[in-house]
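Each of the next two complexes has subunit A plus one more chain, namely subunit B in the first and subunit C in the second.
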Partner chain A sequence: MLTPLDTAHRVATPEGVELNLRVAGPVPRALAWLIDFGWRLAALLVLAFATSVMGEVGTAVFLLTWFALEWLVPAVFESRTRGATPGKRALGLMVVRDDGAPCTLGPALTRNLLRFADFLPLFYFGGLVAMLSNRQFKRLGDFVAGTLVVYADPATVARHIPPLEPKRPPISLKPDEARTVLDFAERAAALGPARATELALIATPLLRDHDPPTQQLTQYANYLVGHAAD
Partner chain B sequence: MRQIEFERRFGDQWTTLENWIEAHGGNKQIKDRAPASVVPWLYRNVCHQLALARERRYSPLLVDRLHQLVLRGHHVLYAAPAPGRDGFWAFLMGGFAREVRAQWRVVALASVLFFGPLLTLFAAIQVWPDFASVVIGPQDLAEMQEMYSPDNERLGQRPASTNTEMFAFYVWNNTRIGFQTFAGGILYGIGTLFFLLFNGIYIGAILGHLHQVGLGPQIWSFVASHSALELLAIAISGAAGFKLAGALISPGLRSRKLALVEEGRIAFRLIGGAALMFFAAAIVEGFFSPLIIDPRQIKYGVGIAMWVILLAYFGFAGRARGA
Partner chain C sequence: MELEKIALALRPRQGWEAVDLGFRMAMRWARPLWAVWFTVFLPVAGVLTLAFYEQPMIAAMLVWWLKPLYDRYLLHVLSRAVFGATPSLRDTLGASRQILGSALIVSLFTRFIDISRSFNLPVTQLEGQRGAPARARRRLLGLRAGAFAAGLTIVCIHFEWVVMYGLHGLSMLFESDVQWTSEVVDDARPWWESLGDWWGLTETLYYFIAISLIEPFYVAGGFALYLNRRVMLEAWDIELALKRLATRHSTMLTLFFALTVAVCMTAPHQALADEPPDAEPIAQADPSEAAPGDTRFRTDATIPAEDSEATETTVQECAEGEDCADQIYQSVDTEIRREAHRILSEPAFGSEREVTRWKRIDADDDDDREPVEDAPAIFGAIAELLRVIAYLAIAAIVVAIIYALLRFWLGAAPSPVASAPPAMLFGLAINPESLPEDVPAAARALLAAGQRREALSLLYRGALSNLVHTRGMRIGRGATEGDVLRLAQSILGAKPLNYLRALINTWSETAYAARLPEIERIDALCSDYGLLVPAEVSA
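Up next, the complex of A and B:
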């Protein structure tokens, strides 16, 4: 069997269906990290100014906040319902466990503590090498915690098959072929007419009359989803 | 069954579940929410329908919608409950000690690698005093000497520092050292090994030097009270690191990946407990250790009591009665 050339991570649920998680690669994760680093730095700078007038207690507040921001706060974010630090949320990412379940505090803290090892030898180089050497883009912390960084809810696109008079395909289609026709009909509107026609022309055996190819395939799609042909 | 018919028949269930998940996630606009008791039933139905839709090659958009719904339902239904206060309390009152006992091999290994160099350096400097400046720069040694000078009002601090400030510094610095010692374990234990040896040598050299130049009373009455908490916390952090290394070096009958996750769970309990010890040590070190109490023997007594209590905790806490 051919392995699909994508980054989907499949998880079997107890209900017997497969979930496809779309794993996030190094670039969006680096950007998310940059955003997180930015707000943490900004928060610490503001705090440094604010606490500088408070004397020794100020220094104490500053150091304790620094400690919390570095080790605890990201983990708390990742174990909440959205499963993401502000940076990850901005990039549409979230942390889940290997079985697709939401991340809890334990794994979130673990992967966060391991950031130190991922940072080595310089500027997350180790983490990058680790991510590029496995199919799930796991950094060292993800291996230990058993977590994945995936794209959260992909925006659901409101698309549908344009309603046209249904027409029965001239030859009987195998299930996968029928599915391809449906897929085409749902996406044709988003493609631009010239490109849509070009793609539709690939299905030569199906094209019988002089109507535009896109229209013909859309009519077949209407038939295939179950609108009765006259 | 054609796709249209399928959508007509089950569409209501999908909308109901979608609405419930939205409302559960905090969407206030949804007024009409199904009772929670039907959610597992609905969810299982949608799982079944997703499998059917895939098998029957319904259109990709429909499959995507159902897949999305199952994914979100999965997140809601399989979210693990937070451990809560009871779990934390049970961990503190015995779970942690049990874990340390169960992992005695790595704890012993880390202790030898940490206390070994510490005691060796201490002893070596009593015999060859100049050895201290080989390990630690002369400037640092001078600074240390200033911190423990008998003229200071408080022990172990620069005259300008205050207790609260030092407490925060100890949390920030010492806990981080523990975390680094733990995380270094993923590099086949090399990082853990380095931090244990380094800290053992460093602490041993400082104690040895200060004792040798005659500041013994100051240094001992400072470190006595928090030494048990802090030193054992470092050793346990090292043990946590060696758990990760062990999973990589000898995973047994598991894949390294699985071994790492399983041993990682144990390692997390160790490092979590160690972090609590570091925090407790910082409180003692920040607020009690700097006090000058006359006679000094009171502080030595406190220190010894802390060692006895902690060792008793690790030896006996969490053992079932009669076991």
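Up next, the complex of A and C:
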């Protein structure tokens, strides 16, 4: 069977840790671009008013600042710790290198200067076609700089498992199976009792006594997260 | 629903991630998708363009208006592909009646007000829902995904324009001298007739290319949002994972579980099973029972309650003062129990029947064992034979295991191959016959001839030969220089060991690092050779 389709891009680090980079596609990136474009435009308008009273020098200042805003400032944003321009941060995105390392100034500059190539022939047509034709949604600048745009938030939220008396699962669970039991206990309330029971009844090897199946799985989950058995 | 066959990695995703997955779906199944797209789209677009040759804008608008038509074919392909059954082009076209049958005309006229078009399409087309239930379903699904669905539509419209202007820009790059002229024409036509003047055949063509590129992504994005919403609402990912867990453990636990069921069926909860048979089933009836649609996407599972709201409603419906959770559980439990009863009473699980036979009145109870003795003696002999064979086999296995463990623990347990001293080590001949009588003297002679490497090699071979053949050191064929040193530690005194270490180090440098040592050093090794190999032994 084929591996199931996913947007996650797996990277193995030398320490033997496998990182799951969840690559971001054209739609959120277009929206991030729109936000960035918006604040750049606003900044330029303010700047234009401010420099209009300064005559020829003002024009020079305006043009230089414009250049910096368009090509350099985003690169500085992306090479900082969060690895994201304001637009990307708003969409929960960040730029990383292909191996998952933080983006440094060099690649950040490269990918930003090459935005010009992606813009060609008009309105980022080149970038759009590039993104739609590779699995990691890379635009041309990403290819050259060796960068990826990924979702920043690691999907680790503190679990909320309804407290019940912990009970040891009757069989030994593999790590991913244990995670499934935890997921179930966490989401059972949102599923509604009927669906939750239906799901819990699938886990036949785990069900041992006459308690409601949902309750049994939740008790195992309490055991797995290490709640005290009192 | 055949969730086991799904070709997607299931997990609850946030909105944009789901859209991204949709885009990857469009890439993954690009070939069947665009094959269907062009088969349906090209004839329509061609006919309309020819029919409205003079007013290309009208042709383009009609093509735009008919988008729900092509979308349905795309969704049909996708909805099957994600469950691992990508339909062929012929199959898809053959299913046209089913694809277009469900309220196509309605959707052609309501699409203008539906900003979540591609997200809502699966409800109509795959679940086959209509009217009020469809609206309720869309509201339920759209609670968390609606904003993303609308965003997807808006962004995709802009992507179409990006492609159109991009193609415009591309053509301008290749036109060397565009003359931009403007002239005021005395236009006597009414204003609405001149509206479409800026839109020519070229624009129509660009538009066709643009929607051909974007539309499959758009439909796939909406479909992925829809799937993701159902994954969240119905916990598809958990269902799949629990099924895998059950499969993994079922083989070894089948027996145990059968016993558990049997116990459950009989004893303490008997009272629960005695509820009236027409108790209201807990699962809501499928509102789309009679409607056409795709069975894969029917909500035939118990319909999940909306996130927390509906959970509360259900709970409120319980009689006050009672333990609501228990009550809900019991009704479900009864359902399941009754179903289990029904299944267990099927012939496959065996049945009870009454047998009448004669019994001796004066017989004791323990004559059950007697039939064995009635069997012919030959069976008894065979049984004895098999028993002996089984004992022998067990004994052989135990011996083999003990032997294997001994070999494992005592790594260097003597094996016939290792016990005969090897004639070669590291590709060097070390049997005494291959060596000269007086090794140091021969080495000195070689040294005098300027052959330092050969001299050193001779000393080393001599040392090895002494260790292996004279001192009886056991050494495997795969041993390294380090192994030799380590093994020699137990059989050599301090001085010979130091000499051996110096010799091996020098040899290693020569052989592996290609660093020839100075003549004096080799000379010293020749002189001290006696430390390791006393002259009388060597002679």
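Keep this in mind: the second predicted complex is superposed on the first by the 170 of 230 C-alpha atoms of A that agree within 3 Å, B and C clash if a C-alpha of one lies under 4 Å from a C-alpha of the other, contacts with A are read in each partner's own complex, and residues count from 1 in each chain.
By definition in this document, a residue touches a chain if its C-beta (ideal position, glycine included) is under 8 Å from a C-beta of that chain, and two chains touch if they have at least 3 such contacts.
Note that the coordinates shown come from a computational prediction; the quantities given were computed from them, not determined experimentally.
S.K.: When the two structures are overlaid on chain A, which partner does A:195 contact: first (subunit B), second (subunit C), both, or neither?
M.R.: Only subunit C; A:195 stays clear of subunit B.
S.K.: Taking the superposition as given, does A:25 touch the first partner, subunit B, the second, subunit C, both, or neither?
M.R.: In the superposition, A:25 touches subunit C alone.
S.K.: Of the partners subunit B and subunit C, which touch A:176 in the superposed model: first, second, both, neither?
M.R.: Both partners, subunit B and subunit C.
S.K.: Applying the document's definition of touch, where does A:145 land relative to subunit B and subunit C: first, second, both, or neither?
M.R.: In the superposed model, A:145 contacts subunit B only, not subunit C.
S.K.: Touching A:105 in the superposition: subunit B (first), subunit C (second), both, neither?
M.R.: Only subunit B; A:105 stays clear of subunit C.
S.K.: Using the superposition on chain A described above, determine whether A:38 touches subunit B (first), subunit C (second), both, or neither.
M.R.: neither
S.K.: Using the superposition on A, tell me which residues of subunit A are in contact with subunit B and, in the other complex, with subunit C.
M.R.: The answer is residues 120, 176, 183 of subunit A.
S.K.: Which of the residues in subunit A come into contact with subunit C in the complex?
M.R.: Touching subunit C: residues 2, 4-8, 22-28, 30-31, 91-92, 120-126, 128-129, 132-133, 135, 137, 151, 171, 173-174, 176-177, 180, 183-184, 187, 189-195, 197-208, 210, 212, 214-215 of subunit A.
S.K.: Okay, in this complex, where on subunit C does subunit A touch?
M.R.: It comes out as residues 6-10, 14, 16-17, 19-21, 23-25, 27-28, 151-152, 155-156, 158-159, 161-163, 165-170, 172-173, 213, 217, 221, 233-235, 237-239, 241-246, 248-250, 253, 257, 260, 264, 268-269, 282-283, 301-305, 307-308, 310-311, 314, 325-326, 328-329, 332-333, 336.
S.K.: Using the touch rule from the top, collect the residues of subunit A that touch subunit B in their complex.
M.R.: 13, 15-17, 19-21, 56-57, 59-64, 66-67, 71, 81, 96, 98-102, 104-106, 109-110, 113-117, 120, 140, 143-146, 153-154, 156-157, 159-161, 175-176, 178-179, 182-183, 185-186, 221, 224-227
S.K.: Can you check the complex and tell me which residues of subunit B touch subunit A?
M.R.: 2-6, 25-26, 43-44, 47-48, 50-51, 56-61, 64-65, 67-68, 70-72, 74-75, 78-80, 82-83, 161-162, 164-165, 167-169, 171-172, 175-176, 179-180, 182-184, 186-187, 191, 244, 257, 260-261, 264-265, 267-268, 271-272
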